[in-house]
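Common to both upcoming complexes is chain A, partnered first by chain B, then by chain C.
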Partner chain A sequence: MSMTRRQRSKLGRGILYLVAVAIVAVAVFAADWERIGRNFFNLETARDMLPQVLTVAAKNTVIYAVLSFGIGLVIALILALMRLSPVRPYRAFAIAYIEFFRGLPALVTLILFGFGIPIAFDFRTPGGRVGAAVLGLSVVAGAYLAETIRAGIEAVPRGQREAARSLGMSETRTMFTIVLPQAFRIMIPPLTNEMVLLIKDTSLFFVIGSTPATRELVKFARDFMQGQRNATPLTVIAIVYLLITLPLTYLVRRLEKRTGRGR
Partner chain B sequence: MKKNLRLTAVLGAVALVLAACGGTEGTDTTAAAAELELVTAGTLTVCTDTPYFPMEYIDESGNYTGFDIELMRAIADDLGLTLAVSEPGWDAITSGLAFEARECDVAAASITITAERAEAIDFSTPYFISEQSLLVRDDSGIASIDDTAGKEIAVQTGTTGHYYAEDEAPEGTIIVEFPDPDSPWLALESGDVDGVMTDLVATQGWSSNRIGFTIVGTFEPEEYGLATKGAPNLLEAINASLAKLRGDGTYDRIFDDFFSVA
Partner chain C sequence: MTSVIQIVDLHKSFGQLEVLKGIDLEVRKGEVVCVIGPSGSGKSTLLRCVNRLEAPTSGKILIEGEDITDPDADIDRIRTRIGKVFQSYNLFPHLDVLGNLTVAQIKVLKRSKSEAREIAGDMLERVGVADKASEYPIRLSGGQQQRVAIARALCMNPDMMLFDEPTSSLDPELVGEVLDVMRALARDGMTMIVVTHEMGFAHDVADRVIFLDEGEIVEEGPPQQVLVAPKSDRAIRFLRRVQER
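On to the complex of A and B.
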């Protein structure tokens, strides 16, 4: 029994569909819907979380992420310029920093800033625990963003820089008025991606301590799970996270399409 | 500090006598093991929350130990089961989610029996008595719980220390929450907070070999219970086993291992 190539691929695809349908069917029938509803979609619990889930938790999450991103971007810009510098010790420092903080889990860096450095050096971060957490996450973000910025700078056609230099512009002026503005346009999609990652990484903040006023989404949900004895708070904050991150990822897709067209 | 350990020892001994009076007769519980609906057959899976020295912690060789763990080991032995330990997190234990998720058969984590928790989980007969306590840094300027306004007091989220601080500390006290039992101590050590509110047994365990910290108050005796959920046969077997271990001196021996002042 021989089949044409087309028939074979049709058969293959048909089998894949059947497998997918079977998996979904098993999941639907095996699940205890009453229990899932009680634990994950308890409307009363969801109502109890409003409005604080937005006015406190979501607000804090966004503030922490934006602050970390802003400070991280400054760190990253300095690192990227050092990384591309002709001065060898600058390059070495930038590489060491980037590799160190990219290689560590963000959680470890947060604990380092929250407990390790204060114990070792008797040092208080301005802003207390929130300050320490934001600084820790900024330091991590700086490492990742530095590589993004470097890639962006290197993606600007060499001719741009050469033209600016031949017009008599200094190296610094060329970088800040010619190269970086063009580089940032290229960098917007990866920078937005990093922002999404930072929003999610703020969920680690509670490990170094929180007060009712400084809670972000995950800590807030855990408090409600404790009080309400069901998992609905997780469903609620999942929705809130998606409400924040989905527009950003959508924006990235749009921007990627547009930069793709512009070139 | 040795004196404090002795105090705990006395309290614990009181718990022992109290419970021994109310306990059921020791029975041969091994046969009952067959009817227990366990997460893993033949294994008693115990949930705990470490490090909470000396009640539950991981020793230098990487093994779970502590008073609670060794007590559970003895109970598992008595029931003819192997002991396994799991750590789903404090919230998951006290909310009952760890049991719903079939993560454990029983929780032994210095859980104070409270009416609120009893709505979510089923407690055994009390097996230990502790107290709430407030430990502060000597330079914090706190002489009693009435001085904590404007000061930062660290607690583990959802513990009786957390609730006690919320209810009893004066207005303006900043209660700083941590997700695990150890972080309040780290925050105190790093100078980040002024004091820690938690059970006396743990406060003594932590402060016994440190200077510069003082217990400025002990409050309300609390009874610890082992917890299960939706497993009446297992709970009955555990209660029977507890009574038996108290009767035959096993409880005393474990107690002395962790609290003797010799």
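On to the complex of A and C.
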């Protein structure tokens, strides 16, 4: 029995569909839906979390991420300019900083800033432990954002710099009035991506230990799970995270499409 | 006669590669010098050295008597007197046409916004794109972009203009409008060095034509002499190749 090429590929695809349907069917029949519902989709638990999951936890998550992003961006801009500087010690410092903090797990840096440095130097950041954690995350974000900014600066065509210099602008003036405004436009999609990563990284704050008022989403969910003995809080914060991150990811995709088409 | 640009024994190497092998050139006030030659002959590098976008390896370049190869020279100030027009226009895409024309006037020459705008308007008029002041560069044709780039340079009231193959990235039907602007500039007495492949323009407008090959000035003289009756073999061969196109 011989088949044409088309028939063969049709048959192949049919088998793939069949396998998928079979797996789903087994999962549906074998699963203990009652148990899953009780543990992951307990409406009562979910209702108890409102409104605090939004007014406290989600709000804190966003505030911490935005603060870390803002401070991180300032650190990153300085690092990126140092990285591109003709002065070698500046370049060396920037490279060392960037590689150091990108090479460490963010959690290590957070604990360093949350406990290590405050204890060692009797040093208090504004905002207490959480303030220290924000600072720690900013330091990490600075390392990642610095590379994004550097890539953005290098993506601006050399002719732009030459045109500006030919008009008598100094090196610094050229950077701030001609190169950086264009670089930031190029960087909007990757910067938004970094923002998404930061929103997720604020979940590491739960190790720092925070007061009821300063809890972010994960700490909030963990506290809730202790009293409830079920995992619904996880489902709830997962939904909240996705509500924040998915629109941003979608935005990035749209922006990338647009910059891909433009120019 | 006063020489505006004086180049003395200019050498420029990139690593092992010697691109300019001892150039001597003087350009007098109001003179139009066209530089022709095969690609890779060092024409662009020569022009880039004149406003120190490229640092010469050795030699001297005097701009109105000031040596710009001196590390102590205030190159930013001297550059305001040297207008430069690039092959790829290099307009600032994040600024509209008016922004392109005013940014350096305001930031470098410290002119007031209104004064800068007025001058920008005059210059746009001069290059024939006054109606495009509020457009962004990408919305303009290549010819319009290049004319805006010329206007941008003129806004600084330069004493001389450097053109680096200003029509080489243009569609053929847009070349004329840019050359017309340059012709008018030459007529108004602007000192110009033009690197070009437009032999017609060189023939009509240049006071002097320089044929550059392999980093050396091979031939130099009035257009009639260099373009019509060249003496060196290299120039003869180059011109024949160009005319065959």
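Some points to look at:
By our rule, the second predicted complex is superposed on the first by the 247 of 263 C-alpha atoms of A that agree within 3 Å, B and C clash if a C-alpha of one lies under 4 Å from a C-alpha of the other, contacts with A are read in each partner's own complex, and residues count from 1 in each chain.
Here, a residue touches a chain if its C-beta (ideal position, glycine included) is under 8 Å from a C-beta of that chain, and two chains touch if they have at least 3 such contacts.
Bear in mind that the values here come from a model prediction, so they are computed numbers and not experimental data.
In the superposition on chain A, no contact is made by A:91 with either chain B or chain C.
Contacts of A:39 after superposition: chain B is touched, whereas chain C is not reached. In the superposed model, A:182 lies in contact with chain C only, and not with chain B. When the two complexes are overlaid on their common chain A, residue A:129 makes contact with chain B while staying clear of chain C. By the touch criterion stated above, A:166 is placed in contact with chain C alone, chain B being left untouched. By the touch criterion defined above, A:59 lies against neither chain B nor chain C after alignment on the C-alpha atoms of chain A. Contacts of chain A with chain B, set against its contacts with chain C after fitting on chain A, share not one residue. Residues 91, 94-97, 100, 119-120, 154, 157-158, 174-180, 183, 186-187, 189-193 of chain B are the ones that touch chain A when the two sit in their complex. For chain A in complex with chain B, the touching residues are 39, 114-115, 118-119, 122, 124, 128-129, 206-212, 219, 222-223, 225-226, 229, 231. Contact residues on chain C toward chain A in their complex (touch as defined above): 51, 53, 76-77, 79-80, 82-84, 86, 88, 90-94, 103-104, 107-109, 138, 149, 152-153, 156.
Across the complex, chain A meets chain C through its residues 157, 159-160, 162-170, 173, 177-178, 181-182, 185, 262-263.
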